[in-house]
């Protein structure tokens, strides 16, 4: 961790919100936020606010039937005024945009990465992540919040005898966080202002045991080297550990 | 008002939530619920929860340009798990359903009914009503909440010198409430349980001065007569007066 | 009825087509207008001309199956040159507009309001209302014409032993008419010219016994009060009675 | 013409409607059928009934602007119960089917084939052919009827000084008719019953001077040889001459 | 054939690529061009290059099931840079254009015209014709190439015991070629440069026995008479015979 | 590189095609594969075959106008029978799938990562990557091939005086390769058979200078740790170097 510290303190980095380079924004996870879904979570990471619901259904999509295995899928969307300018609704435009589909698929893969499909049995969990307010990191907040909503839905399913044990379905927990390089400095958990200025931008999804489920790094503005990658992954590891602590705390209180 | 009282007390109506037949559900109006929109309101009518945002833009749709007049439009949508069973997203299905369009148009007409388009000038207000939790009366809650969001957006526009006076743009306030006949008894403000059993179902939108902007009554299950209509309108008048008091109170506190 | 008379005669209202304020346009209902459909009606209300067909099928949409009940549904559309300017086809634009869906749903509700679904049995009636020429009141003419087409389809179904008795399926007849306030004067049955100038515009659908199936009043331009509502409903009642007489006459002749 | 006679009389062909093999169905062309369009024609060929409207607009599609030339385009559609079973609306299905597009394009080409685009000037004619009742030959009836509607629209345009001379815009008249081989016998003007049994099916569009604008012959069920082609073209020539006489007669009466 | 010769030699026609008026462009048919499909052919007609694949599946579309008959269908498409200007993808535009659908349907009819659906049994062949480079005649090259791909798929099906005999399924071979009149001269096999200048343009699909499956002639720019039609059909007959020789040669080599 | 060697030789890995774990499939890059596009490349990586075209246009999308900067965008698609089972066309389904959009966006980002938008000036390059045959690694082959096509388009643009210098537009070269862990063994360049069995799957896009443009690693089946990540990145670095040598070689020959 020395390397990060060094790099970050060199220029006495001042982030717009006063955070240290390796500091997360405040995280608040509210369970049972609405009543209808089997799992319903509001996750707030700084000003980013995402409503994550988990719908448990004892049926499967056709292609998965009679496999003895379950399925987990996810859909992500933004409300029109989650952003500072109004974004036209995808329903009105008549199609789901590329960014939305890319993120929906990412969330689905991350959650499936920690689910034992055999233990889930022939049941489906549909995760819906709707961004109420967007200030950067909406996809990573979605992964982190969706995990908590999924656990709640699994507990509900256990209580209603759809599955034997919620604990056995989740092989591990999963969270995600963004990291990036801004003006040459690696940073953890970028708000919109930083994200739009990042040379390199990376979303890292990790399990509780510290392994990677998904790494997506992109450098449209300036390529990054192996050393920078190392520092970014260190930052992401630190951030994900803290997010997983917040998940555990939220799931303990009931 | 004697007629209603009589009718309602005849059989000592017991509503599932213990309310009297002419009693509204508790209403909570939270302004500035999110930060990005010019107007952002969370309205809660019992368990029904709608996020209403108002976007003010100093541009007009093409067909309205150079008219010297402004425009107000609205879009309504439900999040997938606002309902007890998951509803497929209209963006994913690739089209906006008939019910959604019908409600969006209703909200737009109600709000336009109290706006002085000349005073608004060549500016546009887009209202977005997204249902986070649905327990009946989502379209009427949308109208009531959207009015408050619109006033906030107009105040913002006045502060930013886009319009001269927010007060002059709104000719009056507007709210809406549902009424219906259940097992022969007229009732005010129907939650989902009652709504689905109603013989007749009516949404009434009124101005602060007590006039009608919109009446939509439908009797798929049993036609209603002129006398019943009268009682339903009395109930709606009472409900709208109380909703307008809640609007005024919310708009006073700042 | 005194009130209407008074109001109307005050200023010696001159309607563009010379009608009195409480006078319908000439109505012509032609049955068996085309040969393929089980019911096929051309209804003409002044210059408004709508082709209404009723398709009887002994199958149901999936969600209604095994309910022991029938179903009635409706679709409304305008031909491109029903209007004075050409309207682009909704098929070409790739989606059905909000107005079209709103009207289709209205027609469906009105017809379902007089059908005994049990007597219909597990059969479906699809009503198609295609406007050949539009001069105001197309949705109300559609309801009035669709009822006649539906009766013909039911008689066909009785003759072909799909249902026991056409008479038992229809609990009552149904018609619809528009009313509105123009320059402060309530008027019956508005052609396009009047409709576009109306302060308040209301469509009223009534049964033969004089009860309401659907009331849709909208006041985008000037709210209306309880007294005006009363006069409008009186006018609508008069109009619907005359339309129902025309329906009866058409159905008697065979 | 000997060849046809021989072939047809060999087996004393009995057509279901009693016609001779080289006989057209009765043709009725009604002009000014509706009031709004610049040209409005109802064409009836036997039981086939098509409403053809021509919309004249003094504007062009963007790609044609500033060319000094006009444009003619066509759209064809079927009402849901033009057919014996109800056909789902293309607007509701969200896309225009292949058959519809193929026919729309055919009609457009046929009409453009007789129009002098320079004489038309920078104006557009949009032809809409909506089938009210379908009994075979709807596309050929559309071509024949659309020509009459187009002439009316051009006369309107001349009267309103959009073009100098309607006569100079149409280089010739155009009509179309179907021919086919049924049980080895060539036939003119096939109704649905014959069309569905045809081994070979051909639509032939001709000018008044007897030249071809469009030939579309298809032999999904049995290929046809050069001699059969000759007979079919003779039949089509006879039919088109008679249709053009009907067009002339309709256009003469005013 | 004298007539053609005469006509063509009158003015010593010089085609841009030096060909005689009745001369095909060089044809190259490459079988087994890719490995996955049951039949995969690259056909090159001059610079026009089309990849034709045939997919054999032992299932049928729902409407064809339990008929004892097979089905053959085709889809045509252009890659974005098959043309000299980039054409937007139809997938991105969200709908298949009219030209594409028209051609897909044409190819399907041509191939079905030589298939014995009973001998094919309850199996389906899907032909995909993707234009890699377009220089006129893409639809006719598609028909010619698709036939070869279909034969390969049938041989595969025979080897895998899905059908008894590939030979019995094809009643005859089929090919197609374009002809047209340019500056008054009939020509065989038009490249793009000629096609865009043609007064009349015709696509002719013929069986090996010299009969017609499909004739599509269109004369948007100048009608054609019966004599010209005769010459065009002579040219097409000559071209198709040569194309069928190329098909036979390709299918012989293995 | 010791670590990889050790790991790979431990169990004497036998890949289905006999390659060593750190060995690329044979790469063939064919330039000027078709004539119309400014850049046209066929890239073959083993059996995977992608046609990459680059379209240079001296216009920009509206949002980018008057910025002084160019733009680079990409679209990826699969032909229906690139795969062993036929895939339905996205044009026919009416929408572009999530996987397609995700890959199109990835390719665009990779290419933009090496382009100097200022040097490109107000011009656009559209890359189209159409998969003719798919055997794993289609997205990475697309990146590698698209780079070569883009260079050809830039050289064309220089020759046609749309840009000053093709060399100045490309800041570096870019290629991409897939790596993955199969049965616990890291492998380079996975064909379909391996890809479908991979526990972890990663696509790595690198510049000629050895920096990363894009890393996308996903572990739906088993998370991966930091050490495994290191080995995968070593393999990807080796593969990309070899691919870049192939690019250079192809671009040198002219």
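A, B, C, D, E and F label the chains in the order they appear, each numbered from 1.
By definition in this document, contacts are C-beta pairs under 8 Å (C-beta built on N, C-alpha and C of every residue); 3 or more make two chains touch, one makes a residue touch a chain.
Because the structure is a prediction, the values reported are computed rather than measured.
Counting steps between touching chains, the shortest path from subunit B to subunit C takes 1. Overlaying subunit B onto subunit E using CA atoms gives a rotation of 180 degrees, to the nearest 5. Distance from the subunit A centre to the subunit C centre is 52 Å, each centre being the mean of its Cα atoms.
Averaging C-alpha coordinates per chain places the centre of subunit D 27 Å away from that of subunit E.
Averaging Cα coordinates per chain places subunit C and subunit D 34 Å apart.
For the pair subunit C and subunit F, the distance between mean C-alpha positions equals 61 Å. Annotation for subunit A: residues 94-96 touch two or more other chains.
Round the ring, the chains follow in the order B, C, D, E, F, A when counting starts at subunit B and proceeds to subunit C. On subunit F, the positions that touch subunit A within their shared complex are 95-99, 101-102, 104-105, 109, 112-113, 172, 202, 206-207, 209-221, 223-226, 229, 233. Every residue of subunit D that touches subunit C in the complex is listed here, in rising order: 34-37, 40, 47, 49, 51, 53, 55, 57, 75, 77, 79-84, 86, 89-96, 100, 126, 128, 130, 132-134.
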